[in-house]
Structure formats: structure tokens, C-alpha cells
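One structure below.
Letters A, B, C and D name the chains as they come in the text, with residue numbers starting at 1 for each one.
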Amino acid sequence: MASVLQPTAQGRAEFYRRLDKDNLTPLWEVLHNLVPPAPSSPAVPAYWNYRAIRPYIEESGRVITAKEAIRRVLILENPGMRGSSSITRSLYCGLQLILPGEVAPSHRHTQSALRFIVEGSGAYTAVDGERVTMHPGDFIITPPWTWHDHGNTGSESVVWMDGLDIPMVSFFTAQFAENYPEDVQPVTRAEGDAQARYGANMVPLGPLPTAKTSPVFSYPYERSREVLETLARDGDPDPCHGWKMQYINPLSGGFAMPTIGSFIQRLPKGFRTRACRSTDGTVYSVVEGRGRARIGESAYAFEPRDTFVVPSWYPLEIEATESCVLFSYSDRPAQAALGLWREQRD
Amino acid sequence: MASVLQPTAQGRAEFYRRLDKDNLTPLWEVLHNLVPPAPSSPAVPAYWNYRAIRPYIEESGRVITAKEAIRRVLILENPGMRGSSSITRSLYCGLQLILPGEVAPSHRHTQSALRFIVEGSGAYTAVDGERVTMHPGDFIITPPWTWHDHGNTGSESVVWMDGLDIPMVSFFTAQFAENYPEDVQPVTRAEGDAQARYGANMVPLGPLPTAKTSPVFSYPYERSREVLETLARDGDPDPCHGWKMQYINPLSGGFAMPTIGSFIQRLPKGFRTRACRSTDGTVYSVVEGRGRARIGESAYAFEPRDTFVVPSWYPLEIEATESCVLFSYSDRPAQAALGLWREQRD
Amino acid sequence: MASVLQPTAQGRAEFYRRLDKDNLTPLWEVLHNLVPPAPSSPAVPAYWNYRAIRPYIEESGRVITAKEAIRRVLILENPGMRGSSSITRSLYCGLQLILPGEVAPSHRHTQSALRFIVEGSGAYTAVDGERVTMHPGDFIITPPWTWHDHGNTGSESVVWMDGLDIPMVSFFTAQFAENYPEDVQPVTRAEGDAQARYGANMVPLGPLPTAKTSPVFSYPYERSREVLETLARDGDPDPCHGWKMQYINPLSGGFAMPTIGSFIQRLPKGFRTRACRSTDGTVYSVVEGRGRARIGESAYAFEPRDTFVVPSWYPLEIEATESCVLFSYSDRPAQAALGLWREQRD
Amino acid sequence: MASVLQPTAQGRAEFYRRLDKDNLTPLWEVLHNLVPPAPSSPAVPAYWNYRAIRPYIEESGRVITAKEAIRRVLILENPGMRGSSSITRSLYCGLQLILPGEVAPSHRHTQSALRFIVEGSGAYTAVDGERVTMHPGDFIITPPWTWHDHGNTGSESVVWMDGLDIPMVSFFTAQFAENYPEDVQPVTRAEGDAQARYGANMVPLGPLPTAKTSPVFSYPYERSREVLETLARDGDPDPCHGWKMQYINPLSGGFAMPTIGSFIQRLPKGFRTRACRSTDGTVYSVVEGRGRARIGESAYAFEPRDTFVVPSWYPLEIEATESCVLFSYSDRPAQAALGLWREQRD
């Protein structure tokens, strides 16, 4: 090949036009954007006050039935990514309403889902033949490709937060979905069966489930709350996180879901966390207490049932004006599995 | 909450407008797109004939120096995703030219890179103080966050395919990058050191590398070719893949890289694979032989050094008019780690 | 070397004598014993009736103090291996008595220990600064190399079964032991701390314990019993094992201890197991119910608190004349880790 | 229970006699022996000079045929454990002779075997249908429960060291063995097949072997020697071990065999290792060079083909009067899997 001749800007532009026809493009014109020095995300900090949006949730109950909607959900969309149905770059968040007597029909998909109960008791979700009754603060999993439907056999409206990996499964172009032939799948196991089989630090003899998702699909708040109290009694809070627990799959000791990490933490009254950050954009749901969250340059006062989102690599600092309990979820297990997760604690 | 009243289309639209102001959106209007019955990707099948694009590569050598470009690469951009610098939804592909005497300066980033040598010998890549000399057909890894630079101390122009996970690391918003203070990092270990330490079915006593990427960062074609011959001698070709090997990390037995799977396969003359498909969009580089690839409804005749791309879930059928060797890479390890990978073999 | 000449028996004997001086011995004379066609063990089936031996346990309380004895234990020795302090080839079993007000002094060793509470409540065992209160049917672990002492702050005599891997650690010549400078280690964590941190399908953020033994060191019978009831409600009993659970380490999903497997099973009234066998010699402690165990050619009628041992590869058949709960332990995790465990179910 | 009365020695003896009838024994009389402060093993240091014992090996070739003997082996028995066919507490060692034209008939067993070639070329071992030709210094594995036979199709007598886990499999009472219906199993794969499939940092697509033993069953000395040279070129020797490599299973990165660890190390001329010790009793075979091994209070001058054994926890110090290469094996993987392995490096 010949020696290098530095062409004019015009010459380069003409070269690029010729390349373009063959689906080629010069890396050196985009390198800095492709390989930036630090994370750069279209997602921005955001916050939803539950009292402010609850009328919309209620109204959605008059606008469409659960059955017609399949899932009657208001998506919480990141203001920096409107139209994408995403709350972070890789995750989806919605608030689902199910009224007494309603059913959200059975289907299955390769997306993983979590439910975190925000308001009301007496609804259930059914996973592969077992129903679990919902109470505020419960964390419930729908593993990928399992039949699931929801219903409300109680007398209260029930609202929960849905966290899914829809954008991630879309990114990997690995979406599959099917509807169940009936609205409701048959109940084949009594409530508590999975908890007894896998959730009591024991397993039945014989072949175990090999899926990457925890076979324990319900983590009741009653127990989580008690755990947080015990931690608080026995040790100092972490400067970044207070007392923070990660839900696990007891068959592996790892995250409860392969794509979504889920956490619950307690901050004592008056505690102010150090500003820390990590590469997993995180969605928070306030369970108990009031406080203030500073996310990068934004700051929000929060109260129970509120939602806020911390994009990747934005520092988060929380001040607990009351004793607080916060649930959160992010794509940490995916990032960790791929060797991408980083944290900065100071 | 009140009883359900089916509103008019107009009433709904008005409701949606109010929701919109609070960054809320109704799931039921987008559910089918978010959770489609089968993979749907913006990527399309595509093909680049090396003889056709080689003049551009040569011309790039006259348009810019390796040093000025940092990396003198023409990106192969998927025709369905122009402007995204992506060849599949999650992966990047480029052809890099380095002329005799040139150096591509040292830097590091959280993106993983592979090099597959297409033409010419005598260039080297240096990873964390060890250089490896390139020959056509060699598969070389740059693990994330390792200093790396390339140089050409020989007398031939050298061209290789760069495969990176740039879109994936961007999707997870986990990009970090740094330049080395000098153009070229110092050589601290003789060539072959990593191969000896980790690549000969032995390891040194003491703590082993814990990174998720193979410490064996070079897989010479001489050995790969021999392996394919042995396989071909001892067993029948797989109906979908012929004789196909996966490069591994011998410290884990798993994929050589956590985000990118890499493969080499041999098809005997006259062999025609069954049409098979999988969820990992795959980039192929032809090493030896001629044939024809049918990808969904598209078909391409290929010859050595050509590139073609099979998007997720598109059936691929290859007819080998000559004995062929094909290198390929995809995001299979990421999909497998996340529980998303599926294959259909018939 | 010269051609083969078949020597006389006398010539061989003379050759063997010469070899012997140099610590050599001809394999062909012992091959069949060294590599037998099927397991052959010095252990034999055996049974201890608790009512019969309880007077000895009581008497031991008058013969020596817990403090003087360090551990006041009567070893259950396999009749086929007297003098070895073993109940199976690889495991030790004893019954330990601690009287109200007594303390068994603190020490640590590389041997793993389990405690299964047979009679009485109100004693405690302390592991690394945390005490757990004992109740009949509780399964408690002392991980290797953790300081541990026992005490009885209640008003009842307490008896538990000690299961240790003493013969195994001796076989591997990896025994280490130390006494604590005081009789009783300080209490640094409140009761329930380990259970909260690791036993509720959650873990604290931050580095986790890396030991091979479960950090959950207490598995209360109250919960185990409930789990067995749930299993019995939801599915048919296994023909060999009834409803049988394995205690796990929730940080790995594997056995709770690396050398000793521990199990609890329930048989409905009138159930008769199929005669099954496995290579792990197993010690049983009867928790509830009466029945009959046939072990090879031996048969024993059992009642609560009795102990029996099934040597490797002896078929076991149990007939439950009442609804039964049985605890058992064996060296299964060691055999599984080494690729040695086999089971025959028919 | 009644208050404690310290009985007389005579009273205790009488109590012990009564206990004895019921297969009970008081722990407090044996506790110190059962749980000693540091490893105590019946094995002692020992050494076999190859020149001294070679005449016996040669003579064994005249005393019995390989076929009649099944395996014509002289067992190297630890002088502290005569009659046990063991060289350490858990391992067996023998020297096997096969004369030109002979065959050692095909069988299989649950014991794992390694072969380390001491003298002569041209014999083969066959594992599951694939033969591998032996050369001095080659390390070859016979995985458990695989059919294997040996033959000598060359013109030289061949002697190799057999290392097996016979005592360990006996301890776990998990021995199974079968003879093949013919003396020689059929050859179904060409030599080098396993090496190509699994030994070149690649694996074939599709299900992989799940056994715990490396599917690469031959590690030629030619390659090992080269690796040791590369290590010696690029870094300083370890003070305890010189340059020491561990043979691995490239499908896991772990030990090549689940029960036996195998190593090869190089010491430069004049090097003297620090006295180090570990809990795995280790057998050494000298491949190249002369030196002196101090094992506890014993010391031996060694030369090529000699064998020596270092019992558990005995300090070993080696002085290399010439540049040396040593092969060794021990039960390290078993100890590591069970959490028992310890090392002391100073």
C-alpha cells in the first residue's frame, strides 16, 4: 500500500460518502463517542410522588378492565427517554392496579418480572400452579417463561410496582411470549409450597430446579422487616447504604434473578448516607419513612410509596428524616455476570 | 375505587395526555410491541465482499495515520441500523489497517475486544506488557481494562477484524476509558508467556487471575486448523454447524470472553447445513473456501476474507462449494449468563 | 530384559522376601483385595436403644464433670470397628450430656461437628460469639476452626447427638486443634443474628463468608417439621425415602457442611420404603414415631431417640408403624465432591 | 439427674466395662488422640533409589506375565504402614513394567489412576477407545470407571509410576470394579482426539463431558518441559517450590483429577528451597537432575527416576545440585474440596 497523504477535510468527506454506500463508516470520526471516558446515559434522575399519581392509577381502573388491558399498568417512563417504556437504560417500571374481583390473564414470556406490593392486600399472583397472596412490602418474582396470572379475591384495590427487564431482553433480541389458553391457570400446589421446598435452608432430595431464577418466588415483608431490625440491632450501618440486604436464590447464593438485582435497606432516623455511585441504574420504592434523596444535581423529598430513579453513575445521597425502609432494583446481576459492574464509595 | 366505565377513544386520548405530563404512559397501548411473540430486531442480514471493500481499506491508509486515528478502522455497519456503529444489536465490527512502521497508541477501556487476522503477518498487539505476533486466522483477545497497543514491525500491511461489545457496554452504561501516558507500553514479558502459563492445560501454583476473560489471549490459527482436521477425521459433522469449536477460557471451561462468544468451524466440500437459528446475532469471517450463505430470505456467495452477519433468530443455511473454514462471533455468553439464549435446530 | 520364566511358588515367595526389605510388595498378590468388585467395609449394621443406654448417659453425669471431660460424651462405636471411635468408616457419633449449670469449655479444631438435640431444652452452643438455644430436633452446626463452647443455663439435663468427621480428618492427616484461653468465649452477637443475615433468603451487601460451611448454623426443628408437613400435603412420598429434605448452605445451595451431609425425612404411618442403598454409610436418629429398619440381614424395631447405622452399600428398608420423622447424617458431600457417591434405588 | 460424684479410677474402669458391652466408649479417655493439636500420621518419610530397585522390576518380568498379573506392579509401600499397600495415608504408588508384546488386560474401577512414565517409550495406554503412546515424563490419566488396558507394541521395556487413590476409595467404601470381556478394548478414536477436542483451549459445540476428571488424559513431557523453560525465563522461582505447575482440567480450571493433584516443577542449579509444609502427603518422582531432599529429620540424595515421599505436615527442603525437574502427586484436590488443606510457607 502507498504512503500516507493527509487529505483535505473535503477529500475526507468525499471518501466517507463513498464508504457510506457500502455500509462502512470511519471509526476515527466517532471513536470518542463510542468509547467515552465515563458512563454516559440518556436516562436522567426522576421522581414520582405516589399521592400525586394515585388519582391516575385510580382513573385507569375506570378507563380499562384488567382483562381487556391484559395488564393494567401505568409505565413510569424516564423523562430522558420518553417513548422507550424504560425507567433506566435496561429496565422497565410500572404501577399495576387490580380491582377486587378482577383477573389479569395468564401468559408467559422470556422477560423476568418482579412485583413489589405498594398498596392493599388480598390480591394474588400465580406462578406455575402456585398462588401467593400479596401484602404491602412483599417482594414477588415471576421467573422467565413461567405461566403467570394475577387476581384479586379480596375487597381492596391492590397496587404493586412491576419491575421488568423488557429493554434488556429487547436489546438481546431474545423476546418470546405466549398466551395461556384460559384466563386463569389451574392451581396445582398449595400456597407456601415453594417456600417450604426451597426457602427454609433445606431442599428436597432429588434433582433440583436448574433455572437461574430463585424457586423461592415470594419474600414476605414481615420477614424482611424483622431481618432489617436484627441487622440494625447488631451492627453499624454502612456509610453508603445503611443496613442493606440483597434478595438471593438459596440454590446458588447469588441474585434472586439473573437480570435484575433486588434490595431492601433500612436507614435510621437522622442518618445521612455518603454520596456513592455505581454503574447499575437503580429504581427505588419507599416502603417506610420520609427523607430526601439527592441524585447528582437533583434532589427530591420522598414519603412512603414514592418512586425515584438513580441513573448509572449518578451519585446518590439519602437523608433519612425519619427511620426509612427502601426497596430497590437494578440490573446489577447482569452487569456483574458480564464483568461490567463498578462502584465508587467515596 | 369506583366501578369501571368504558370511556370513549377520545376520553382515553385525553387521559393519556394528562398522564404524559407526569412521565406516565399506559402499558396496554404498547404491550404487544414490548413483549412480542418472537424476537424482532432492527438488524438485517448483510454481507461485505472483501475484494470490493479492500480498496477503501487501502485508501484509509492514505487518508489518516494509525496514530492520528488512534485506531484506523472502517466500521461495518448493519444496514438496518445505520448511524449506530453496530453490526448486530449488541456488537460492533470493524476492519483495522496497520501499515509497516505504524503504531496504534496504547489505551484501555471496559469494552472487550477480539482481533481476527484477515490479511498479512508481522504486526503485533500488546496486552499488559506482552506482545503477540499476528498471522492470518489467529484469534486474539484484548481483555477489558487492559492496556493495549498495536504495531507493525514487519513489511506487510496487516488487516484484522475487530469485534467489540461497544453497544452492549453502552447499553449497560458502564463505559470507562483511559489513554496510556505513552504511545507504546513497555514490554515486560516475552511472547508466549501467557500461553505457557495458562494455555498448556497447566497453571502455575499460587493465586490465579480472577478476571472473567481468558488469560490465554492468543489462539493461533495453526493450532485451530489442526484441531478442526482432527475433528473431521474422527466424527461426522453436526447437521447445523459442521465441525465447530468454541474458544474457551481454560481457567473456567467457559467462553473465552464474558460478553462475546467466538467460534471456528469447518465444513467439508459439498456439505449443506440444515437451516438453524439462535437468538445470538452472529458475525462471520470467511477464512478458507467458497460457498453460499442463505440468511432468512437473503443469500450471498462468499469467498475468503468476506464478512457476513446473521441477525438474531434468522435461519442460517450454508452450502460449502469448497471445503470451508469460518470464524464467527456473537453475544452468546451474555445471553447464556442471563438465561436468554435459545437455539432452534430444525 | 530377559524372557519370562514362570517360577515356582517357592521362587516367588523368595522373591517377595527380597522385595520386602526394600519396602516393595507385589501388586498381583493383593490386587483383588485392593480393587474389589463392590464396596467392602469393616462397619456393620448396629442399633442403640435410647431407653437402654440412657442410664449410662445419666451415670456419666456422675462420673465426670463436663468441664473435666471437656466434652462428656459416650461414643457410639461400630461393633465391627471397636477401638476406632467410629460409627461408620469415616464418621464419629456420640451422645453428649450437659447438666444444668455446666459448661463445656471453648476450643476449636479442623473437624466439623453437628449437634442434633435428642432430649431436653435450655442448653446453648456458642459459635464465634453467637449463642443458640437448643430444643429437641434442632440441627446445629459447628463449622471447622470456629471457637465453640456449650453451656446449660436451664434447669433440665440436655442430651444431644454429636456427629463429627473425626475419622475423615484423621485419614487426611489434617487435624489441628486449639483451646480457648477462657472456658467461655465472649458473646458478641445476639441470638438469631446469623439466621437473619443468611437464613432468610437474603444476604447483607458486601463481602460474604467464603467458608465451605453454612453460615446459618442453626436449623430449628419447629421449621423443619413444618416443611415436612407441607411436603407431605403436596406430593407423594419417594419410594426409597418418603419425604426427605437435605439441609443446605444458602450461600451455595449445596450441603450445609463440606464433609457431612444431613437430612430429615418423614414417613407416613404404614409406609414401607423400597430397599435402597448408597455408598455413604449413614447414621439415623429417630425423632418421632416407631417402626422397623431392615439393614442388610439385620432388623431393628425403633422408637424415638434411638440411633441406628447403615454401613455403605447395605440396603435399607424402613417400615413406619407410626408416622415417623428421622434425622440422618453421612459423608455424602465428601463422596459427591470426589466423584465417588453412588445410589441404587431398586 | 443426680449431682456429680467423682468416682474412683476403679469405679470408672468398672463403668467403662459396662459401657463396652453396648458398644459405647467414653470420649474423655481418647479425646486428645482423636483431636490432636497437629497432624499425626502413620506414614513416614521414605525414598526408593531407582538403580537399586530396577533389578527387582526386571525380575518381576520373569516371575509373572503382565496378563497373568493383570497389572505387573511393585507397590512402593510406606515403611510406617507396611501391609497397607499405601505410600501415604490416602494414596497408592507402584512401578509397573510392561515388556514388548505384552498386554495388561482391560478393566475399569472407581479408583482414579495416573501414570507417570519413568523409562522407555513405545507402550500405550488406552482409555475409552483412544490409545496414547507413552514417552518418559509424560503424565497420563485414567479417569474413574473408564475401560483401560495397556500394551507395548514397541521394542523396549517400559516402566511407569502408577499413582492411585486406592486407600481413599477404600476409606469411603465406594469401590466398584469390572473386567472387560476381552483383553483389549477396541480402538474407536485416533490418537490425539481428546487432546484436539479439549486440550487446545477450545471445545466442540454441544454437551461437554460432565465428569470431574479432565477429558484431556495425556500431558506430554515435551510440552511440560517447554512450559517450565518459559516460566524460568520470565520470572523468579518461588522460594518454596521453584517454578511449579499444576496439571488442570481445562473444562473447569481445577485439578486434573478430583482426588489426586499432580504437579511438575523445575529448580535451577544451586537453588535451595525454603523448608515448607502442607497437609497433603506427596510422592515425588525425579525426572531430571540430582539433588538432596530433606524431609523432617530424614535426608536423601536423589537422581533421575528416584521416588521419595513426604508425609503430611513434614517440612520439605530441596537442594538442587543440578538443574532439576520433579513430578509429584498428592491428595490436595480432595483436601481442598473438603476444606482441609493447609500450607505453611515459612
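Following the convention adopted for this analysis, a residue touches a chain if its C-beta (ideal position, glycine included) is under 8 Å from a C-beta of that chain, and two chains touch if they have at least 3 such contacts.
Being a predicted model, the structure only gives us computed values, none of them experimental.
**Q** Considering only chains that satisfy the touch condition with chain A, which of them also satisfy it with chain B?
**A** none
**Q** Taking each chain's centre as the mean of its Cα atoms, which chain lies farthest from chain D?
**A** Relative to chain D, the chain with the farthest C-alpha centre is A.
**Q** Quick one: report the Å distance separating chain B from chain D, using the average Cα coordinate of each chain.
**A** Those two chain centres are 43 Å apart.
**Q** Using mean CA coordinates as chain centres, what's the gap between chain B and chain C in Å?
**A** From the centre of chain B to the centre of chain C is 52 Å.
**Q** Report the inter-centroid distance (CA atoms only) between chain C and chain D in whole Å.
**A** Each chain reduced to its C-alpha mean, chain C and chain D end up 29 Å apart.
**Q** By the document's touch rule, what are all the touching chain pairs in this structure?
**A** A-B, A-C, B-D, C-D
**Q** Could you please specify the touching residues of chain A with respect to chain C in the complex?
**A** On the chain A side, the touching residues are 189-190, 192-193, 196-197, 199-206, 208, 214, 216, 219, 223-224, 226-227, 230-231, 233-234, 238, 241, 243-253, 256, 263-264.
**Q** Taking the complex as given, what residues does chain A use to touch chain B?
**A** Spelled out, the residues of chain A in touch with chain B are 1-7, 11-12, 15, 18-19, 22-28, 30-31, 34-41, 43, 46, 48, 52-53, 56, 58-65, 68-79, 82, 85, 89-90, 92, 94, 99, 109-111, 144, 157, 166, 168-178, 211-213, 258-259, 279, 281, 311-313, 331, 334-335, 337-342.
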